[in-house]
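Here come two complexes built around subunit A, the first alongside subunit B, the second alongside subunit C.
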Partner chain A sequence: MSGAAQRDPIGWLALPAVAYLGLVYALPLVFLLARSVTGPEGFTLQLFGQFFADPYSWRVIWNTLRIALLTTLVCLLIGFPVAIAMARAKGLMQVALLVAIILPLSIGVVVKAFAWQIVLRRDGVVSQFLVGTGIWSEPQRLLFTETGLVMGAANVFLPFMILPIYSVVKLIDPRLSEAGATLGASPLYRFRRIFLPLTLPGLVSGIAFVFSMSVSMFVIPSLLIGDRFQMLATLTGRSFLLMRNEALGSTTAVVLLVLAVSIVVASSWLAKRLGGSQ
Partner chain B sequence: MAVFNRNGIDRRSLLASLGVSGALVAAPSVLRAQTREIVVGGAASHKPWVEAHVAPLFERKYNAKLTFEGTRSLVNLEKMQKNKDRPYLSVVQMDDPVMILAVKEQLLEPITAAKASNLAKLKPGTVHMEGQWANYLQPWQGIAYNTNVIKTPPASWAEAYDPKYKGRIIIPSLQNTEGLPNLFMASHLATGKPMAEATRDTESGFKKLISLKPNLLTVYNQMPQAFSLLEQGEAHMIVGALSSFALARRQDGAPIALAAPKEGIFPVPSGIAVVKGGPNQDLAFAYVNELLGAEVQAKIAPPTFALPTNVDVPPPPGMPTGVAVHTIDWAFVADNRNDWVKRWDREMSM
Partner chain C sequence: MTAIERVASALVWAVALFAIVFLLTPLVVTVAVSFGSSAVFTLPPPGWSMRWYNQLPATRGLWPSLATSLQIATLSTLVSLVLGTLCAIALVRGRFSGRDAIATFLVSPLMLPGLVVGIAMLQGFKAVGLREAWPSLLVAHVVITMPYVVRTVLAALSLFDFTLIDAARTLGCSYGKALRKVMVPALAPAFLTSAMFAFLASMDNYPISIFFTDAWTKTLPIQMLQFVEERPDPVIAAISTGLILLAVIALIIGDRLVGLRRLADF
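Right after this comes the complex of A and B.
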C-alpha cells in the first residue's frame, strides 16, 4: 500500500474553514503587510523607520504594553482563586459559578464599556464604596483614567483567564496534595511545590489569552479613557478611519500584530516547557 | 380550473398555477425594480431629521427611494475615495473642510442653477468653489452646560479655564470639525488679537489650550457620549458644542443649555454635494435642490437649531442675537489641519 493511500482523508474537513480564514483573514493580512513595506519606489522599511524614530510612537507602545500587563495582572490575581474554587466546587455550586463566568460573555463589549462609564462616575458605585469605606475622603474621578480603563478591561477579559486555569485545575488529582500532607508538607509548601507547577500550563494559556486581547483592545479604551490616551489598536483605527493615513495605520497594525504573535508564540513555548504537552 | 383530476394532478393546470403563483411572488420585486434609489451619505446625527422631514417628501415627489447612511464626514470621504471607479453614494452631506478635500481629489460633480434652481436663492458665501458644494444650513457653536450645576450661563469662553472646573470640561477632538474653534478662541484669549488674526496664530492657541488640560474630563470623537456625560453631571461644560445637537437634547428634556459667550460664536456650515459619477444623477440633483429649497429648509431649520441659507426662510426662533459670528477660513484649515492634529495628539494627551 502506498504512503498516499494511508493518509487519513479526514483532514479535508478543515478545508472550508481554511478557505474562509484565508479569504477573510490571511489575504487582508498580506495586503496590510505589503502596504507597510511599500513606498513610492517599491519595497522599503522607511515607514517603520519613521514610526520608531518618533518618540510619540514609543509612548504609544509603552501605553499599550503597560495597560495590557496591568490588565493581565488584575485578571490573574482575581481569576486564579476563582478558577480553583470553581474546579473544587461540587454540584449546583459549580454550575452556578460556571454560569456566572460564562453568561457575561454573551454581553457585548460595547454594552459593558458603557456600563462601566456609569459605574466609574464620581457618583458611581465604585466611588461611593471607596468613600463609604473611608479609603477616599471624597469622590474622585475614575472615568477616563488608567485605573478605570484597567478595571473595565479586566472585567471584560476575566473569563478568558478563569476558564483555561479551571480546565487544568479540574484535571489535577487532589490525592497528590493529600499525599504531600501525609508526608508532613505544610499547606503553603504543597501549594508552591505540588499544586502551582501543575497549574502552570493553564496559567500560561490564560495569561496569553488575556494579554493578547488586552494589547489589541479597541472599543474599551475608546469608551473608557478616550482620545487623549492612545494605544496601538486605537492609533491604528484612528489612522485608517480619521486621519486617512494608510501608511501609519498599516505600520502600527503590523507592530501590534508582531507584539501579539510574539506573546502567543512565547506562551506556547513556555507552556510546553512547563509540561503543557503532557 | 381543476388542478386535481381522477388521475392525480393535471399537468397543465399545475404549470398554470405555478406560473400565476410565481408572478404573484415576483410582483413586488418587479415593482421595486421600477423605483429608483439614491444613497445619501451624511452625519449620523442628521438621520432623524432626514428620515422625518426630507425622505418622505422626496420619495413622494420623485417616486424614488432614499437611503441615508449616517456616519462621519471623513468616513464618507473615505467611501467616496475607495469607490471612486464605481460610486454607490449619490449625494454627500459633509462639513466644509472635508468638502475641500473631496474637491482636491475630484470626487464631486458641480451643482449648477440649471440642475438645481434653488442655488440662485442662497445667501452670499454659501456656494463654494464654483458650485462644487453648497451650504443648506448653518448650525452654530457655543458652550453647552449642565443647568443643574451651572446656574448662570457661561459669559466667556475663558470660563472653561477656571480651576473650579477641574476634570469637568469636555472639548471636541481636533479630528472633528467642531474642534477647531477651541484652537482659534484659545489664541484669541491668549493674545487678545481680533479673531481674524488670532485664527492665524495657532502657536499661541496651542500654548493656551495646554493650560486647559487639568480641567479636561475628556476629548470626544463621538458627540452622543460627550452629551451623555454632560447630562449625567459628570461633565459640567462641553466647550464648542453644536446647536443642532445640544438644543435638540434640551428640547427632549435634558438638563442642558447652550450659551453664546461674549467673544462670539462660530457657524459650522453644513454642506451638500453630488458625488461624481454616482447613481441616478438626476435624482441626486433633485435631492440637493430640495435641501436648498425654502420648503425643506423651513422644516429642518427649527429642529436642527440652525440658520437657513435660503433667503426666503427666516431664522427660526431662539437663535442668539447681538453676538459676533466668526466665520472660519476652511481653506486655511484644510492646508494646516494634519499638522495641527499631529501636534494636538502629542500635546493634549494624558
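Right after this comes the complex of A and C.
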C-alpha cells in the first residue's frame, strides 16, 4: 500500500487505522496461528493431532455445529416472514417492528441471557404459557437444556437475520410480481421464481451472520446450558480462564477461527455469485 | 388476492406479531422482575417495590465497573472516530489499490469470534510487556469500536458529493473552513449513529474484555456476569433495567436524528 500511497497523498490518511489494527489485532492473530503449528522442532501438527484424536473434541465440534445450525434455522423461519412484514408494514405496526428489532440490539448480551434464565425456569413464562395452552401437562424446566439454549440464542441473533433480508426485500419492485401475475404465474410460482431469487443475497448474509455468531457465542451457552455442555467457544474460554490449559485453548481457538473465517469467505463468495447473476 | 396469498399474508403478520413478543420478552421480564417485591423470580411478582433499586447504591463493585466501562467506551469510540474517519476519507477519495481489502480488514473484527481475538491480543500484549488492565482494555476496545465507525462513515462518505467542497471554495471558503461548514454537517448523522453503536458495543463487550480485567479493573458486563454467578437476585434486574432505559434513550435520540428506518439500514 505504501508505494501507491506515496503517489497519492490522501491515501496516507488510511495509515494510522491500518497500522493500529495491523499491530494490535492482525499480528497477534498471525502469531496465534503460527504458534499452534510450531513445536520444539519447528512445524508440527501435533496439537491438532491430539485434539482430533480425542472423541470428546468431536462431540464438542458436533455440539457447536448442531446448536449453530438449529439457531440459524429458527432465526430463518421467524426472520424471513418478519423481514417481509417489515417491508410492507405501515403506521403503528411498522414502529412496533422497528423498535422490537433495534432496541434489543442496543442491550447487552449479559442482560438478555440473564433474562432468559428467568424466562426458561420451571415457573417461567414459557413453561406457564405451554401449560396454560395445554401443550404441556405439567411445568417443565427449559433452562440448562438444548432447546432453551437455542431459544435464547435465536432471540439474541434474530435481528441479525431480519435486517439483511429486510434491506433486500424493501428494494424489490412489487410490479415484478404483478407482471408475473398478469402473465399467469401462480402465487407459489411467483414466490419461487421471482421473489426468492431476488432475496437470496439477503438470506445468504443473514444466515452467515447468525451462523458465525452462533458458532462463536460464549456468554449465552455458559448462562443458559452450563458447563456440562461444551461448545468450541466455551471450551476455549474455560481452557484459558479456568483450566489454565493454554495448549488446548489455543488449539480450539484456531479450530474456531478457521471455522468462522470459512463461513465468512464462503458466504461472501456465494453473495457475490448471487449478486452477479442478476 | 387468491386464497393462497391471503393465507401467506396472514401467516406473515402472525409471525411478525410473534416476533415482536419474542424479541421484547427478555426486556419486559427484566423490568417486571426489577420492580417485584420478592427475591425469587416469580412472574407476575406478588407485589411491587423499589427495594432492588434502593440496594443499587450499596452494591459493591457496580459503580467502579460502570465508571471503567464508561471511560473505556468513550475514549475508544473517540479514537475510532478519528482514525476511522481519516481512513474512510482515504478509502473514498484516495486512488490506490487494495481499498476494498483495507475496508474488509477494518470491519473484520466484527466477523471473527471475540474470544479468539481476545486470546490473540492477550498474548500479543504480554509479549510487548503491556500488563496493566486499564490501558490494555482501551487498546483492545479500539479494535471493537473501529468496525462500526469505518462501516457507517464509509457508507455516508461514498454518498457525499465532494464537488460541494469545491463549490464552497469557489465561493471564498478556505479548504479547512469548507470541510468544517460543508462536510462535517453532512456527515454528522453518520458520526452520531456510528458513535452510538460503537459506544454500545464497547459497553457490552464480554468475550474480549474478559482477558484484560483484573481484580480492581472490571468492565460492567464482567461485573454483571459475576453478580449472576454469585448472587442471582433482582438487583441484577434493576441494573439491567437501567441499561434498558439507556438503550431506549439512545433509540429516541437516534430516531430524532436520523429516523428509526435509517437505523435499520444495517
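As a convention for this text, the second predicted complex is superposed on the first by the 254 of 278 C-alpha atoms of A that agree within 3 Å, B and C clash if a C-alpha of one lies under 4 Å from a C-alpha of the other, contacts with A are read in each partner's own complex, and residues count from 1 in each chain.
The rule is simple: a contact is a pair of C-beta atoms (placed from the backbone, for glycine too) under 8 Å apart; a residue touches a chain by one contact, two chains touch by 3 or more.
Quick caveat: nothing in here was measured; it's all calculated off a predicted structure.
Trainee: Applying the document's definition of touching, compare subunit B and subunit C: which contacts more of subunit A?
Mentor: C
Trainee: Between subunit B (first) and subunit C (second), which, if any, makes contact with A:18: first, second, both or neither?
Mentor: So A:18 only meets subunit C here.
Trainee: Let me test your reading of the model: by the given contact rule, A:165 touches which partner, first (subunit B), second (subunit C), both or neither?
Mentor: neither
Trainee: So, A:150: does it touch subunit B (first), subunit C (second), both, or neither?
Mentor: A:150 sits against neither subunit B nor subunit C.
Trainee: With both complexes superposed on chain A, which partner does A:8 reach: first (subunit B), second (subunit C), both or neither?
Mentor: second
Trainee: When the two structures are overlaid on chain A, which partner does A:70 contact: first (subunit B), second (subunit C), both, or neither?
Mentor: neither
Trainee: With both complexes overlaid on chain A, does A:203 touch subunit B (first), subunit C (second), both or neither?
Mentor: The answer is neither, since A:203 touches no partner chain.
Trainee: Looking at A:218 after the superposition, I want to know if it touches subunit B, subunit C, both of them or none. Which is it: first, second, both, neither?
Mentor: A:218 sits against subunit C, while subunit B stays out of touch.
Trainee: Looking at the overlay, what does A:98 touch: subunit B (first), subunit C (second), both, or neither?
Mentor: second
Trainee: In the superposed arrangement, does A:84 touch subunit B (first), subunit C (second), both or neither?
Mentor: A:84 sits against subunit C, while subunit B stays out of touch.
Trainee: For subunit A, give the residues common to its interface with subunit B and its interface with subunit C.
Mentor: Looking at subunit A, the two contact sets intersect at 117-118, 121, 123, 223, 241.
Trainee: Could you pull out which subunit C residues touch subunit A in their complex?
Mentor: 2, 4-5, 8, 11-13, 15-16, 18-20, 22-27, 29-30, 33, 41-43, 83-84, 86-87, 89-91, 93-98, 102, 105-106, 109, 111-117, 119-121, 123-125, 127, 139-140, 142-143, 146, 150, 196-197, 200, 203-204, 206-207, 210-211, 220-221, 224-225, 228, 232, 236-237, 240, 243-244, 247-248, 250-251, 254, 260-261, 263-266
Trainee: Within their complex, state which residues of subunit B touch subunit A.
Mentor: Subunit B residues touching subunit A: 72, 74-75, 77-78, 81, 167, 173, 175, 216-221, 225, 228-229, 232-234, 338, 341, 345-346, 348-350.
Trainee: In their shared complex, at which residues does subunit A touch subunit B?
Mentor: These residues of subunit A touch subunit B: 56, 59, 117-118, 121-123, 141, 143-144, 146, 222-223, 225-230, 238, 241-244.
Trainee: Would you mind writing out the residues of subunit A in touch with subunit C in their complex?
Mentor: That would be residues 1, 4-5, 7-8, 10-18, 20-21, 24-29, 31-32, 35, 78-79, 81-82, 84-86, 88-89, 93, 95-104, 106-112, 114-119, 121, 123-125, 128, 155, 158-160, 162-164, 166-167, 186-188, 191, 212, 215-216, 218-219, 223, 233, 236-237, 240-241, 249-250, 253-254, 256-257, 260-261, 264 of subunit A.
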